[in-house]
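Accompanying notes for the structure given below.
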């Protein structure tokens, strides 16, 4: 398969996200790039992937294309279930979601995410430096899905030792059983996809670990763009660049209007 | 209106029950005679009565006649809401039911009802002398409806100082605010209809009080059939016997098959 | 998968069995017949209001205790409304042959709902005031927000849920007509769920109006088409109660409450359950006239073209 | 009752207002326009994820603080998904102009559900682990059944709920197509509920399939037919998002986050809300071609004959 030479940072994230998803699994899909990645997965190796959208729909075939919103009418047509938010989250809290696919504006080494505020916490909570949209359903997915897949654009200012606010808990402080002790369910962050590579969380310490570098990046370049010390997997490999066909699918079939994947060339 | 001369004990209960119901109110209807009384009310003075059946239906026109069960398909046709048991009881717990209409096998002077067991409680709970069907939804109606209407056939063995088991709480021990203190909602038992008369619960003491005697009964005859001391309202009147038309409605339109109202003449 | 295989695979001795439907509406009668045929030991039954399903299981225990036994019941109501009390309930309870835990309809429905929601408990007001809170595992706490008493009920998560619905696809997406009763909650709460349905249809038809789907496929382990699967109980859009048959069955058990013989009841089980291969053979014993009359009654008051 | 009368009667200064829909789906846009026209003081807004409804209310506060003011927001998410962040949210929050309490989508939905159920609180797992439990009124307790931590969230019972639905009858029985979002819960939880609907139909039609009714009449105080009442948001079976218009409106607010002028935004309110009599006049400003295109887009992916 021919390798693409003009894929964008968002496009490689989407391809990586799609590849991590497994066929016939239930994935609770957050808005934005997770929706794009899930649709790409359905069109490629995982036609039986079962997306859940927090507004209520489970398992739509998505044959009318990419939803603009997780409450989009496109998520409803042909769905196997469609009640409302409570039903979607109850199903997740019950343990039916294999994956949760979420983003955040800031991440720490244990995969905790912030999508609430930047600034001085707790004193400045009511007058943040930058007010972000808020949790949406991300913190619920974080607390109840079996495994979560995180997407955060790689940027030293966003990869911090200490978050301004923990919106969506990951491995908390990394101590053994921390999630269980806090009352949560599921194994927590499974993979993190950034603009520079793919990461997992090392079994014992639950610390972020480089697994694959994206083309053009090295362990060193990634560490240099990260505000804490990264672990390095014993067998770090380069993630294959998207193929021409994958990029075509994204641009022509998955997100032809550039709703979430911007059109600017890399 | 001509007075009936051959009405039965069940028929006067049904007429009394119907008359207590008010037009355009929401009544949570237990199985059996409450269903018959509610349908009679709808066919006479309360066409806008809104029955709720615990299996899920609210506000059906009941134009196909008397349901055999509160889960009967007849309750569903034309209903304004029909989810399931949780939805019906949540609506009640939220405070939407003006009346709850329930029966029991045993009652005390505070309108507490037993429909669980006869025998030695608590020691004999797991091996009762007579095992009754159980609460069904009665205890939920008792805890959450604004006012409850009780039906208990009058019998000295069923009107006791102390119940074998309190299934559906009424005014508890009659102390001021007892229901509120226990965490319940609503004003509790409003009327009791028996085979001998109609009773309310005196404002201060919450004790059962004779309000109307049925034809052929006196305050004395009723007291004699009751296992505790009854209060007597200052203006006890005789309840008018059912009219020929009311009895005809019951026998020909409301319960033509004698599902709940037995056909034996008085 | 056949119903025989589903019961053999998913119902184990000692299981807590959640029973769907409400009184004699959409009770999982066919599945219960199959359980009796295969035998069961030490079951716990969990339901809000049930009728023929526990009656058939308990009746089997009364005639063949070596083959069928119930250990415990968590319930709100066991009876048949217009068709009378449950004689099997009286028989077993008054002889101290089973443990039981009384709840209300809302209590049991809310307990299944807590289980369906993945929660360990749910608050309700229902059991406050009376004795249910004293004879059950209810915990009454002072609400941390209002200071007033509120009851916490433990979730019910049966090992297996038994549900009968109008229509489903092969994946287990279920459409329920008329009241849902507490079927979706039981299916979601249970570790396994066996669904019988009147109609098994294509995924495309079942999902043509997604909001009609009351139980989604991840909650279901086996789907078997069994027409009349809730009979002699009722099933909206399909058939109304066969009250005569229910009364006749109860009349076989009733004498045993007062010490009468089990012969007639035993003969019923031998003829209708042990003596047949499957539920279709049992339905075959009814006259077509009667089956059509019960369909006609339902279609009359359901007011819907087939 | 007109929408003008309903807003005047049921929305009071200082009220906690529950907002239905989800992000830009079925937001009560027409009702919000009317609220802005009439003015409001010291509102608390409660919602899970909302977009145009709070944006229009907040924008009004930014241009006419004397006429419109929000005091507090209880929310999970305020933004427009594909159409971008909410500039009004940033403007008000970063300047410390309003109080707020962060929750998650499930937290807020569950809080409305508790309110709808008549309960003072509901347990959930959602806020455990992170900071939401620290900045909200969440109480974490040890579950009395399992011993593990569980969060209790206080019920939300707004003074008035604002809901837009596809169809209703004059009594307030509402049919919702596509996701219910959390609309039924908000309607049931609120002391009063104002419903706007695309279609106002006879009671007989609305109740022809009772299971389609998602909000029953006792939960509703006013029903007003307002076609396009959620526009430029989407409404299943009726119209898809008008993203262009949403983006244009956000672009008028965005410069103010960085201290820019309010003139353009003020002009928008003067033209589209203060300068018109009612929502129909606002919809009249859109070209028929665009309205029909948004209908066509919805009917294409909704796959249903009108």
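Labels for the chains are A, B, C and D, by order of writing; each one numbers its residues from 1.
Rule of thumb we're sticking to: contacts are C-beta pairs under 8 Å (C-beta built on N, C-alpha and C of every residue); 3 or more make two chains touch, one makes a residue touch a chain.
Bear in mind the structure is a predicted one, so any value in this text is a computation, not a measurement.
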item: Far-end chain from subunit B, centres as C-alpha averages; value: A
item: Which of A-D and A-C has more C-beta contact pairs; value: A-D
item: Between subunit C and subunit A, distance of the C-alpha-averaged centres to the nearest whole Å; value: 42
item: Approximate Å spacing (C-alpha centroids) for the pair subunit B, subunit C; value: 27
item: Intercentroid distance (Cα basis), subunit B paired with subunit A, Å; value: 57
item: Interface hub residues of subunit B, defined as touching at least two other chains; value: 57, 76-78, 82-83, 92-93, 144, 185
item: Shared interface positions of subunit D, touching two or more other chains; value: 118-119, 124-125, 148, 150, 178, 211
item: Contact graph of the chains (line, ring, star, complete, other); value: other
item: Touching pairs among all chains present in the structure; value: A-C, A-D, B-C, B-D, C-D
item: Parts of subunit C lying in touch with subunit B, wherever the complex brings them together; value: 21-25, 48-49, 75-79, 81-83, 85-86, 89-90, 93-96, 99-100, 102-107, 109-110, 113, 124-132, 134-135, 140, 148-151, 178-185, 234, 236-237, 240-241, 243, 298, 300-303
item: Subunit B - residues contacting subunit D, complex; value: 26, 57-60, 76-83, 90-96, 144, 185
item: Residue ranges of subunit D touching subunit C (in the complex, touch as defined); value: 118-125, 137, 139, 141, 143-146, 148, 150, 152, 154-155, 177-178, 211-212
item: Of all residues in subunit B, those that touch subunit C in their complex; value: 31-32, 54-57, 64-65, 68-78, 82-86, 89, 92-93, 112, 116-117, 121-122, 125-140, 142-144, 165-169, 172, 179-185, 259-260
item: Residues on subunit C engaged by subunit A in the complex (per definition of touch); value: 116-119, 171, 173, 188, 204, 207-208, 210-211, 213, 216-219
